[in-house]
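The structure appears below as structure tokens.
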Amino acid sequence: MTTLISGQAVARALSRVSQALIEQKETLTSLDQAMGDGDMGITLTKIGNALLPYCADTAPDDLGKFLIGAGMTANRAGPSTMGTLLATALMRAGKVIKGKSELTPQDLADMFAAVDTGIQERGKAKPGDKTIVDAVHPANEAFAQAIAAGVTLAEAGAKALQAAKNGLDNVTPLRSKMGRASWVGERTKGKVDPGCAAFVVMLSAIIEPPSASYSQTI
Amino acid sequence: MTTLISGQAVARALSRVSQALIEQKETLTSLDQAMGDGDMGITLTKIGNALLPYCADTAPDDLGKFLIGAGMTANRAGPSTMGTLLATALMRAGKVIKGKSELTPQDLADMFAAVDTGIQERGKAKPGDKTIVDAVHPANEAFAQAIAAGVTLAEAGAKALQAAKNGLDNVTPLRSKMGRASWVGERTKGKVDPGCAAFVVMLSAIIEPPSASYSQTI
Amino acid sequence: MKKILNNPENFVTEMLDGLLKAHPDQLTYTEDIHCIVRTDSPIEGKVALATGGGSGHLPVFLGYVGKGMLDGCAVGDVFASPGAEQMLWVTQRIHGGAGVVYIYGNYGGDVMNFDMATEMAEFEDIEVRTVLVKDDVASAPPEEAERRRGVVGMVFAFKIAGAKADRGGSLDEVVAVTEKALANIRTMGVALSPCTVPMAGKPTFSIGEDEMEIGMGIHGEPGMKREKLQSADEISERMTTAILDDLQPQEGDRLAVMVNGLGATPPEELYIIYRKVHELLAKRGLSVYRAYVGEYATSMEMAGASLTFFRLDDEMIELLDYPARTPFFTQI
Amino acid sequence: MKKILNNPENFVTEMLDGLLKAHPDQLTYTEDIHCIVRTDSPIEGKVALATGGGSGHLPVFLGYVGKGMLDGCAVGDVFASPGAEQMLWVTQRIHGGAGVVYIYGNYGGDVMNFDMATEMAEFEDIEVRTVLVKDDVASAPPEEAERRRGVVGMVFAFKIAGAKADRGGSLDEVVAVTEKALANIRTMGVALSPCTVPMAGKPTFSIGEDEMEIGMGIHGEPGMKREKLQSADEISERMTTAILDDLQPQEGDRLAVMVNGLGATPPEELYIIYRKVHELLAKRGLSVYRAYVGEYATSMEMAGASLTFFRLDDEMIELLDYPARTPFFTQI
């Protein structure tokens, strides 16, 4: 039997992401101050604060529309680099599930792939440039592989999160090549990319409580 | 026999005053920062630095001209309130001894009186306003009395200095009523007036080495 | 606060050298680089206007030398009066035969030196008149208004006097209109941080992270009171009330309003202040004819702001609107 | 650094409210207060110019909206890009039928959002062209010039584009002349102290009492290098050399020079820098056609300065001299 993820579960996941971004404000701000302009925690908190009421007030009937609307809300609330990429991710994820009211694990994998592609198209960063792409891209690949291998959603989520964390660690020693951090040059070496960190925060929030329990609550 | 003060002694006294102002820069600056704009040490150092070469290069033949020239030099170098009053004092003192090349104790008393009047005319402060007048005026009166009583120059100088110090102490508890300090209002109570302090510095430098030895060196 | 300096002793001279190199079409000097005059001075038949004061307040003082405003300025060292001789040089150079008006702030050193300069100029048959600026309501109560210091309100005085002189006003007329303007100008300010005189090398006063000075002086001298730092709206209301209580305008009066930054306070914060001031004035039935928001008189890198109201009538409006062009102030 | 604030969340909205109240004759907004446009927009038949970017840089960005410069500006939060929707609103309102040019700094968030806005505007048959400002030589070596960020040099781009558009230039012509201007504009800066984003409440970076950041960003992001604080002459020489090495002017070339204060650095210090720069240029046989010394793009209360050179030819001179009037920039 295929696990099915309800619209409510998606809305709850987005609320958890919002909550997590708000909670991690200080950490993300500090990371962005070290090699950027220090606004990331602020921007993402604004987005979190805009998405929470959005999730509460919007019926997740058509999950495509729901996520595209969430993307537009995010762009209005916090159009910084990270905010715009998050908005793009939500809109791209929404596009691939247009009209659906519940999702299969394969839908999740398609959405993840669309997010990966969307972020790379909008931002034009490549893997190794030390951006959010270095967490998103390996996580997407790990997730796709796990789903293809037929493991549980909980396991697939855990694999994706591990891949994201590894991706973050892999690029920490490197020099940032995109965005504001690229101007800081050599001094970014050894520092955690704030975008990668933000993605780990968001992905952790999605799969927490562990996705195994998803099927129970739907 | 009447003690006579040579032109050289006057020039040396003015050099000592200059030197003392330079040495007391920090103290005077701190006092002026507490209830003014903190420039007094700087201004008086500039004047000191201008008067030292003036004293070295100018023959004190006509002591009137010598002191008027010193006043103009002082005004050019540091035209703040204190600098302008010092310049006025030098010019007024010069006026009363025009043409003289050596001075009697009575000349000194006349000069002191001219300085007192000049400062009050230029600045329009009255005794009790908590300005330099509160050190100058009692010092002038004490000096005049002492000279009239026929004591030695050393004693007269010491009396004047004591009167200046008492004057300073007497106005310390009061509120400043003139100049920048007047705007600081109540907060000036209990603080030493920088102008009084500067006058004590200058007067100490004039009578140091004690004026008794003047007659030996002339 | 860190500064971009060479030898602090040369601070003013180097600043003036840079300024003359940057604005050679507008400014030059006479006798000494510390005596700045318009390149086209003297202007025959025009009443000439001079000011003077310590450095460290740009655009005050010399920044307002130019067409439609001042003719010359004697420049002192940082926060120190210029000397009487400098003032005389400026006076001689700008005098166009119609007399000279000195317009400057009520500070002891400046008054004494301008008085000495006046005596010297009159000796040379140059008619000199003085208008003292005493706009700071925080520096003394109304009954001692004569004792008040002059702060940024002087910029309005320069503007009005400059327009009147440029339009051919006589010496008496220029003096009268400037005095009338000043009778209708009041300022009040707060400081959040001190400033550093380059040669002193340390701040003029120290102040806690949550404190502010009420009614600071533009030389970094402490104000009348130290208080807990308030919100922008509270500060705005406080300054507005203090000025209105003193100026006592009538409902329907038109004002020019100036929100002035002391140096380190960003324009964004000045507009946040202006917003509240505008609102409070509207509530009292007072309208803003013109708003000036920016840095018009600074104290180097001091953080803080001041507020100035100038009550206008038709004559003042005509002169305020008159065009002007100086290195720091252009109005068309 | 202490700030005059109400609730930091309302910083930008209150600032804009104050600004609109202070300049009602010049500025208004469309749809949302964060979308500032000229009161007289759209101007039929004129190429419209828009910019956008984060707040905290006044006069950049919106301070250059006005006659002879820009038509509109999308205003972001402090140091944050505005959103694509805002840009679209500005675009719709200012479009006078002759196309719209976006001129803004090369920052990721802004580029992504302006790109999204372009897609939306083209959907509505508004022709949009983009000119990215990348003038900061410190942000990438010459071979990676495409990666450079845009700083205060954009003010010259606004001036040139604005003059060309006001004189009836076509969309192609305005884009071409702006790109030509930018090919001749370079900036380099140093920061001495950080700034505080109101909502963050603490400084962006910390820096020792005797240190400076070389090539800081205007958002308070750290620069390429941290070094011992140098003298004004050394800093001036350093910036001059870095720009000239990159711009490679010929002897006899005419330049416009801008010495820009980042916020807390007093004008006096900027003129001390200008003095040395002028001297160094003269030594190389380069002349200064026009000097701009003041605050043209700030980072709130950051201390520091930047230097911009703009190599001129007759066409550029004509456009640079063209009059302009905005709330922060008046040239006659």
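A, B, C and D are the chain letters, set down in written order, and residue numbers restart from 1 in every chain.
As a convention for this text, a residue touches a chain if its C-beta (ideal position, glycine included) is under 8 Å from a C-beta of that chain, and two chains touch if they have at least 3 such contacts.
In this text, all values refer to a predicted model and were calculated from it rather than measured experimentally.
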Worksheet item: Hey, what chains does chain C share as contacts with chain D?
Response: none
Worksheet item: Comparing centres built from CA atoms, which chain ends up most distant from chain C?
Response: A
Worksheet entry | Centroid distance [mean C-alpha coordinates] between chain D and chain A, Å | 33
Worksheet item: How far is the middle of chain B from the middle of chain D, if each middle is the mean of its Cα atoms, in Å?
Response: 55
Practice prompt. Determine the centre-to-centre distance between chain A and chain B, using the mean Cα coordinates as centres, and give it in whole Å.
Written response: 77
Worksheet entry | Shared interface positions of chain D, touching two or more other chains | none
Item to complete: Going through chain B residue by residue, note those that touch at least 2 other chains and give them in order.
Response: none
Item to complete: Report the topology of the inter-chain touch graph, choosing from line, ring, star, complete and other.
Response: line
Fill in: All touching chain pairs, where touch follows the definition stated at the start
A-D, B-C, C-D
Discussion item. Quick check on the complex: what are the chain B residues that touch chain C?
Written reply: 29, 33-39, 41-43, 46, 72, 75-76, 78-81, 83-85, 88, 122-123, 178-180, 182-187
Practice prompt. Note which residues of chain C are touching chain B in the complex, please.
Written response: 76-85, 107-109, 112-113, 115-116, 136, 138-140, 147, 149, 197, 199-200, 204-205, 215, 217, 219-224
Fill in: Residues of chain C that touch chain D when the two form their complex
1-6, 11-12, 14-19, 21-23, 55-56, 58-59, 63, 192-193, 209, 212, 229, 231-233, 235, 263-276, 278, 288, 291, 293-295, 298, 300-301, 303-305, 323, 325, 328, 330-332
